[in-house]
Amino acid sequence: MSHARYDFASDNVAGAMPEVIEALVSANDGVASGYGTDQISSRAADLIRAALDADAEIRFTASGTAANALALAMLAAPHEAVAAHEHAHVCTDETGAPGFFGSGVGLIGLPGPSGKIDPIALRAAFDQPDVSYRQPVAALSLTQATEYGTVYSEAALRELASLASGKGYGVHLDGARLANAVAAGFDLKSIAAMGVDILVMGGTKAGSTPTEALVILNKAHARRLDARLKHAGQLVSKGRYLAAPWIGLLSDGAWARRAAHANAMARRLAEQMPFDLLHPVEANGLFVRMDEAALERLRGQGFFVYRFLDGSVRFMCSWATTPELVDELGEALRKIA
Amino acid sequence: MSHARYDFASDNVAGAMPEVIEALVSANDGVASGYGTDQISSRAADLIRAALDADAEIRFTASGTAANALALAMLAAPHEAVAAHEHAHVCTDETGAPGFFGSGVGLIGLPGPSGKIDPIALRAAFDQPDVSYRQPVAALSLTQATEYGTVYSEAALRELASLASGKGYGVHLDGARLANAVAAGFDLKSIAAMGVDILVMGGTKAGSTPTEALVILNKAHARRLDARLKHAGQLVSKGRYLAAPWIGLLSDGAWARRAAHANAMARRLAEQMPFDLLHPVEANGLFVRMDEAALERLRGQGFFVYRFLDGSVRFMCSWATTPELVDELGEALRKIA
Amino acid sequence: MSHARYDFASDNVAGAMPEVIEALVSANDGVASGYGTDQISSRAADLIRAALDADAEIRFTASGTAANALALAMLAAPHEAVAAHEHAHVCTDETGAPGFFGSGVGLIGLPGPSGKIDPIALRAAFDQPDVSYRQPVAALSLTQATEYGTVYSEAALRELASLASGKGYGVHLDGARLANAVAAGFDLKSIAAMGVDILVMGGTKAGSTPTEALVILNKAHARRLDARLKHAGQLVSKGRYLAAPWIGLLSDGAWARRAAHANAMARRLAEQMPFDLLHPVEANGLFVRMDEAALERLRGQGFFVYRFLDGSVRFMCSWATTPELVDELGEALRKIA
Amino acid sequence: MSHARYDFASDNVAGAMPEVIEALVSANDGVASGYGTDQISSRAADLIRAALDADAEIRFTASGTAANALALAMLAAPHEAVAAHEHAHVCTDETGAPGFFGSGVGLIGLPGPSGKIDPIALRAAFDQPDVSYRQPVAALSLTQATEYGTVYSEAALRELASLASGKGYGVHLDGARLANAVAAGFDLKSIAAMGVDILVMGGTKAGSTPTEALVILNKAHARRLDARLKHAGQLVSKGRYLAAPWIGLLSDGAWARRAAHANAMARRLAEQMPFDLLHPVEANGLFVRMDEAALERLRGQGFFVYRFLDGSVRFMCSWATTPELVDELGEALRKIA
């Protein structure tokens, strides 16, 4: 096989779903005022507010890393820190962006099984005394679905958020794969109610061209928001092209519907997976125990996948993953198992 | 007239040209590796290198402000400063983004007629003694075409760049409207030869969906470039969507050809402009003397335009501006003159 | 004359007054807990609160630039700006430190005669509309005494502070030469009442070893203050050595009394000054019209002084300036006039 | 016992040694030019260069945290990282200051026994592939003496430094307790030869008023150094007061001689320590196994000490620790053991 196949390497290797492309092309007509003041941006924001059943200031960025880092910089001062799962994307995969956006803001990595923060560890972090030589916690960053393809129950997420709110700390929700969580049963309308201050709602991995929605539920953090985004290099002049995909994603339910497909493909792969699964398959990813020799053999079969933070090998499905492709991978896995 | 018409408010109010949309749609097929490692990104970079006749590291950002600010942060340390025209976009329209990306890097605004830096003023800035209490110049930022719709001759631009290079200082070229300069006769292949270290080559205002090319001609500044972009929130996972437009812009010359149209529309408007022009019309913008009452009357006619930094009123044409629209505006202007 | 004499070059060329040295030596005895938690730091803070007749969180830094920059970073977010006199120290003599401490926070320079902000200009700055492409004002920085050796009346300072407070903006007072203002009649107890949020009270130029008091009158800005200082490299472990000078400065009135001497020396010099004074001599500095040839002749007489921002030549007196030295300079000036 | 006694809580609880106070008082005479351009600063720098037998640019800061953080920001770009022992002061006790000074620069904590970096772990960190989503190593930070009171052999330190230099990475040496290492036999003149780029040479813990020497051995990092310090709030106007202590420390060998006394006091305490020592006592600190009940009993005896990062309880000796005090503590410890 001549080329590496990235189909299962990540859910960002897929293109954009037809609904998104149609919305983009449709948004291309005519003149629009700049910097997100246009009507397409307004309509996209309305759709998100309706989906969340909440008021919010909403903007769109091309990068989830940027949206997350900006959110954390809004919730914690430079001399403070944000608590997150030790394997959360903000801790391990965003190249220190929170420190850049937050002028050195700290991160405190917390343990917990399958990407979910252990509430006992969170309490312990919150119980640390304030001392001058350590950045004290000021905010909590949650991830739904988690980095390990698991989905917090509403009650579990609420417990963590409440621990933070109860201390007067801010709450950020990294929703890069929120669509997959919703497809797994998580209620989008619970987010505002449980005290999340800032949500980053993922478009890209759900099947869009690059766009993430920065959803500021607690408007105390939205002062002069456009200037803040522009200052941080996150306000594009032709804002409609970051907003339009959301019309495609949300106006007819494609966002969650296609995430349900991705989740189903993950389950289909799980059913025929000859390697041990290390985490429950609740969203669109699988994490398996596979030694280096087996991984090499799999790559020899043409499939490129990553070894992940906990040592497992990760397989991601997306809106574009077909049953045929899953079965093809399943066959390759059985060959090398 | 019920709605404000933004047609001449900026060249970023237009949509994307058909060539860009076609390239985007075409790029949507299939699987692509992430973070700019895909083949579409490679091909777009090749096209830019060919157009510039120069080797370079090339990346794509959604925001010109971000690309400019990152470039300045590469060329000057936080305790140093960048010299630029006092009305350059980086000085007046980017919300202090250079200071954010450059951890407080300074800007030194230089005078000069019609947006062009006066070489005498630049020499004077370079001749300032290094003192501990002032951020010393370390780089020069040029803009082509300028904020006032004028175009430096190759000789004039080379003189300024050489003054900086001769001091060992870096040179940045903000090419948000480089296409308009090229359409006006500026030679793209002269840029690398005159010692520009980093070029930001504009896609958005030229008629693309959001994309700017960060062209690092001096590779000494490209160390670990992808990590640098990611850290700064400027590396999108589905990189192909920022790269593909360049295939549409450059593979058949649309970038410069459509800029020539925008320039022609500006000349057409100039010919029928009843207000005094304050700067030569060399690219796609006009700047006229118009008092507040006249501006209000124009807005009453439905046309929304901005009063600019030098007190003039600005009219911008784009690839999408039609002769009919120019004539309609001309008529409105004659009515209110 | 073999060596340049810096006696009038600045008020920071003098050593420390005896009261400060005695307090330092006395503070050296025994063991003290670290990072400003010691009893000397407590007593110094008490003395300052008593002098200001106000409650406040108080810390000590070795650098006035650091104290000012930290204060501005507390009062304005990175995407916002601080309005100050265009020749204020924070704008012109601190090497862009506000941008470093404030992650790119902006500065807006305002005009006004003899270093005093013109209230009309301040109103105009406050009336600027919020737009995404410009850092909007969020705070006001005042300087008392001003860079040009003038002293605001209490009413004038209150008017400016009120304009800011009325908008909900923060107020910073750079008091590097506050002692000289107090010696000129300004009431220290008026500061808290007029709505100053953060005062930097100058020790160094008043005649101390390096120490400035960061006086946070609005405690909303003091959250986790020690961590904030440590994070910014401004919390020294042996805090007593930055605090003790204040016991020497304040416990017996030396701070203002010796500033009165400095002011008197400035008046003495003014009386015999053969060059035109460009600003009223209200504190400890003189600013005179002197062409380059005359300045060279003066330097030939051994006296090194600076040409200042407005083109004048500046002479500064300090607690250590003697009448004999003033008269010696006067004679040299008359020779070269 | 009415007050907590901090005598063994840290080596920064002691006052300044007589040699330092004498030098300070002596430096107080007369006029001196500002910002470190004075002759006392020159002489102090000369003494340090002589002690190191190396050329270097030398400046003085009041805070070791600031000096370290500035050094790391010079050696690694914001999107890069610095490798250090996981319990190094820069990682655990400086409130994220490297991230503040370095605009989000990363830290990579390495394991190793008793505060010494394991060379195998360092090689492994250096062998990590460059990827866009992780801050790659660009520099190494060493600590001598270590946080656990141990002293690297010259060969061991050289091995680590060479691993970094061999990769083209910068090397920082945190010498907050360098005097104690020298007193333990480490050769000061070996530092420059082994490729250290920037040394922070500790004055404060050695028995000075606040001062640390920022020693830039690799002058490529010293460009516009005074502006860099000023920008970062680290250039005091009356520079002589941060320099003069070094004349007291170095002109007659007090720096190392009094550190030898501190080390001897630590050994004296070790000889009578009834609790298990967890690290070799090679400098001025002891780390013992002590449960919470015993620590409480010790505090009941009046002695305040800290539980440290590895769970041990730390006792620090200083130049001011007397044999009588050590024996008094020893007696208290035997009572509660």
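Which chain is which? They are A, B, C and D, in the order written, and residues in each are numbered from 1.
Just so it is clear, a residue touches a chain if its C-beta (ideal position, glycine included) is under 8 Å from a C-beta of that chain, and two chains touch if they have at least 3 such contacts.
Just so it is clear, the structure is predicted and the values come from calculations on it, not from any experiment.
J.: Quick one: point me to the chain whose Cα centre is farthest from that of chain B.
T.: Following the centroid criterion, the farthest chain would be D.
J.: Can you tell me which pair among B-D, A-B or A-D shares over half of its residue-numbered contact pairs with C-D?
T.: So the equivalent interface, with over half the same contact pairs, is A-B.
J.: Based only on mean CA positions, could you tell me how far chain B sits from chain C in angstrom?
T.: 41
J.: Taking the mean of the C-alpha atoms as each chain's centre, how many Å separate chain A from chain B?
T.: Computed from C-alpha means, the inter-chain centre distance equals 33 Å.
J.: What whole-number Å value describes the gap between the mean CA coordinates of chain A and chain C?
T.: 48
J.: List, in ascending order, every residue of chain C touching at least 2 other chains.
T.: 78-79, 94-97, 100-101, 103-104, 132-135, 227, 230-232, 235
J.: Which residues of chain B touch chain C in the complex?
T.: 78-79, 81, 92-106, 132-135
J.: State the interface residues of chain A toward chain C in the complex, per the touch definition above.
T.: 35, 77-80, 103-104, 130-136, 223-224, 226-232, 235
J.: Residues of chain C touching chain D in their complex?
T.: 4-7, 9-10, 12-16, 21, 24-25, 27-34, 61-66, 69-70, 94-97, 100-101, 204-205, 209-210, 227, 230-238, 241-242, 320
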